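Paired with chain B in one complex and with chain C in the other, chain A is shared by the two complexes that follow.
== the complex of A and B ==
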């Protein structure tokens, strides 16, 4: 399996290995930057502060971009740090210390970057919680005696674009309807658990 | 118990001296009204048979419907209904027919009444499929379990045949599914709890 990197990115990566263009201190700051850029965590070192005032601002920005491409592509392909180390040392001609530094950062941030990448894309609204309340109708404009209880249900979701920006689905259930709904969900869960057990055997 | 207005009584009065057979025919007309609305054609032929004006027949049927609906709205007991019918001018033989009509058609009356109450979106059906997301553009190797659900809703009480339906595609993961089931089970449990059973008894 090969990393798919454009010729420009490869040229820039090769330049990063060059100690006369990027000194050791800048290199380690650059590498730390990449991790925080992708995971969008608040870290002291970010690329703008690194570039401002530096004579090599443009070069650093290019280098930052190239490193981002490399890391994202490697995580995308589920690269372990050893093959990455090999790739940098043999193909990009990086000094060993720099390969180690980058691979160290890479494996530290790997789970976080994976999480970020897995959330890129589209999917139906994802249910994350459910609210309910149980109502007993005592009287109404058309009926002066009480009727069967009703349950209002609200499904809280992530990613639902409602007309008023709401992110939940609201509906009513009579008790038999709610029983039907939960029994269908339970059936789904049973099937999922069966599949999960099959995998363990 | 409600007291019948003079006008209502007057509209019912053509029934007072009719035979049980004819009263049953009127009950059938009232039932037809509850199910499908007024039917002037039927009233026309009934009018010819009884030598009465069509609008008299119509008023009588409507008064009968009104009687049943009002009693049902107030949830009158069998004996209260009996008292009301007897005091308004029906004889005992007719009371038996009307009581039987009142008792046996409560469901139809309720569904006619419920068309007047505000309609709400009700859960109707759930279809699901279980997938494992294997890869995406941004991340090639993954195993993410996903339960995709299609929820169908329907407006209830339904008004006529063109009831409003809608459906929605949602997804969730096994952990959230477990959580959802637990919370919904809580709701079901609460519905049969002592507290809510007590309330149901009080307001019955």
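== the complex of A and C ==
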């Protein structure tokens, strides 16, 4: 498998490898900045001031964009750091030190960037927590004397459609219904355990 | 034991041990070789055990390797005594026993292939990954959601699993990079890029849209060559459309009344301009906002001034075209007429030719008839003489005919004979050749049969040779079986001898017992007799005493002899033991062990020193 990059990005990456256009100090700042930009963490080195102050601002902005594209594409295609190193050195003609610098930063941030990528798209909501308590129903509007245990359950979910952050699903159920629920959950767990054991027997 | 050693060495070579050709007994094995052999055996029996095949220089590592091999042997069910000393300070007999056990356990060729095969398809790998991930998730403890950032749980090995958190739609936004100059001069564009263009990451409205936007940008860049092609096509299309529109407009004008022209022209012009503008609006890309407006202004002016000129020109042209068309029509009609004429005439031509042929033939016939008639008319005046002459001529010709016929017969007879002979000869020859052809055919068949036979034989030969090559490897095997048979024969012979000796011994025992019994009996008889006399006779009493002492002395002697025998046996046992102990070359091993101990102590000391020098 090969990295698929647009000709525009490739041309810019080749320009980044040129030491006369982008000096080493700027390069390392650029690389650090790219890593933190994608992972949405705090900027370790501020590149904006670097761009506005310099006459090569356009070049730096281009380089920044190209590096971001490169990193996102490489992570998307699950590139390890060695093939990336090879790609940069052979096809982009980068000097070895720069390849090492970029690959180091890349492999440091790789899992985080993958995590960011995994959040793009769609996955079903997750149940992250559960709270329950047992109630005893003594009296109701239709029944003067009754004594039925009721369980109130609150499932905390994340990623539910049309909600921000955590939201919860609340419901009450009688004991047979609770038994039904737990047996269903146990069945699901067994199914998952079977899948897990499939190749480890 | 030589054969056993040879078999062991051969088996070890088969599993890839590097053993010198000169070695032919386990006694010559060095500890390194022993460890290599044992670990290779273990690796072959249980792939993936991960025991190194070479001994490291560090003493403690050596012990660990020895211990792990020993443990592997025990796990495989070796019942004898085994430990690191078996491999590091090898004793021939123990080593032989362990190696024999391991070689017996070695998998056969068919089994090894089964073990090596593992699912390697993509689906299988994916399934494995899935189950591994689920296993990881199942084995991890539950963590409250506020302990996870964005619902992502990080495992110790750097991998992560999504357990909650919100996911974002793939929403991308167009990003401005430095390559598109929107109709302004490069200088201005550069100025903009340097000072005002925000970073790519600042261009998106939300941070989670950056990644989709980057992916879209790159994909668009990859696809751009085909896009450029389509813009070119769109340009052509646009041009074509504007041409059509102008034409329509011209037609409309020519159809319109001349006096209305002046008042409508302004309106129409504006409509045309509107059309044009709409058309441009529909096609322009968002990037080209400035361009179309500049273009539209001049087009409007030009269209209004050129209307009249265009109209006049069109009328003239139309007139000329009409004339030319008429001319063309006429010419075409004439041409068709002429072609029709040619066709009818050419159809008539063969008929006419036939008629001419017929006429010529009748003419020739008539000429011949006329010549005959003329001759007859010439001969008519002198009829009689002419008749006589003619008769004479007829007679002469009949005579001549007869003469010729006889001559013909004369010549014909021998020629006929000759022809017959030749035909006979020919037929005989033909039969001969047929016979020979038959013989040839039979021979050819035979040749084909033989070649087929030959080929079969050759195939068989090569097959057998291959089999022979395969078999020849196991010559040693047959030798071993022969040797085993011999050994079995020897053993049975020895067993027979042992049985014979046992029988002899038993007979001897029996004899001894009977003799002892007889002695006892005779002693009691003698005792009784002498005892009876001893009461009365002094001599007898002395004799009785002597007899008693004799008996006791003799029994003592017998006991002594038995004891001696036992001692001799014991000494022989001890000698055997000494031999076995000396075979274990304890001395050399002890020296080696003490040297190793010293080395280990040194290593420990150096490690301790290192620990000390390191700041805490």
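Convention: the second predicted complex is superposed on the first by the 189 of 201 C-alpha atoms of A that agree within 3 Å, B and C clash if a C-alpha of one lies under 4 Å from a C-alpha of the other, contacts with A are read in each partner's own complex, and residues count from 1 in each chain.
In the analysis below, a residue touches a chain if its C-beta (ideal position, glycine included) is under 8 Å from a C-beta of that chain, and two chains touch if they have at least 3 such contacts.
All values derive from a computational prediction rather than experimental measurement.
When both complexes are superposed on chain A, chain B and chain C fit side by side without a clash.
When the shared chain is aligned, chain B and chain C each come close enough to touch A:128. Touch criterion met: A:184 reaches chain B, while chain C stays clear of it.
Legend: residue contacts after superposition of the two complexes on their common chain; A:140 is shown touching chain B, with no touch to chain C. Once the two complexes are laid over each other on the shared chain, residue contacts for A:111 go to chain C alone; chain B is not touched. In the superposition on chain A, A:89 makes contact with neither chain B nor chain C.
When the two complexes are overlaid on their common chain A, residue A:174 makes contact with chain B while staying clear of chain C. Superposition on chain A places chain B within reach of chain C only down to 5 Å, the least C-alpha distance between them. The residues of chain A shared by its contacts with chain B and with chain C are 76, 114, 117-118, 120-121, 123, 126, 128-129, 192, 195-196. In the complex of the two chains, the chain A residues touching chain B come out as 75-78, 114, 117-118, 120-121, 123-132, 134, 136, 138, 140-146, 149-151, 153, 155, 157, 169-175, 177-182, 184-186, 188-189, 191-192, 195-196. Considering their complex, residues 4-9, 37-38, 40, 47-48, 51-52, 55-58, 61-62, 64-65, 68-69, 72-73, 76, 111, 114-123, 126, 128-129, 156, 158-159, 164-166, 192-193, 195-200 of chain A touch chain C. By the touch criterion given at the top, residues 127-128, 130-132, 134-135, 138, 144-145, 150-152, 154, 158-160, 162-170, 175, 177-179, 190, 193-195, 197, 199-202, 207-208, 210-212, 214-215, 217-222, 224 of chain C touch chain A in their complex. By the touch criterion given at the top, residues 73-75, 110, 113-114, 116-117, 120-124, 126, 128, 130, 136-142, 144-149, 151, 153, 156, 168-174, 176-181, 183-188, 190-191, 196, 199-200, 203-204 of chain B touch chain A in their complex.
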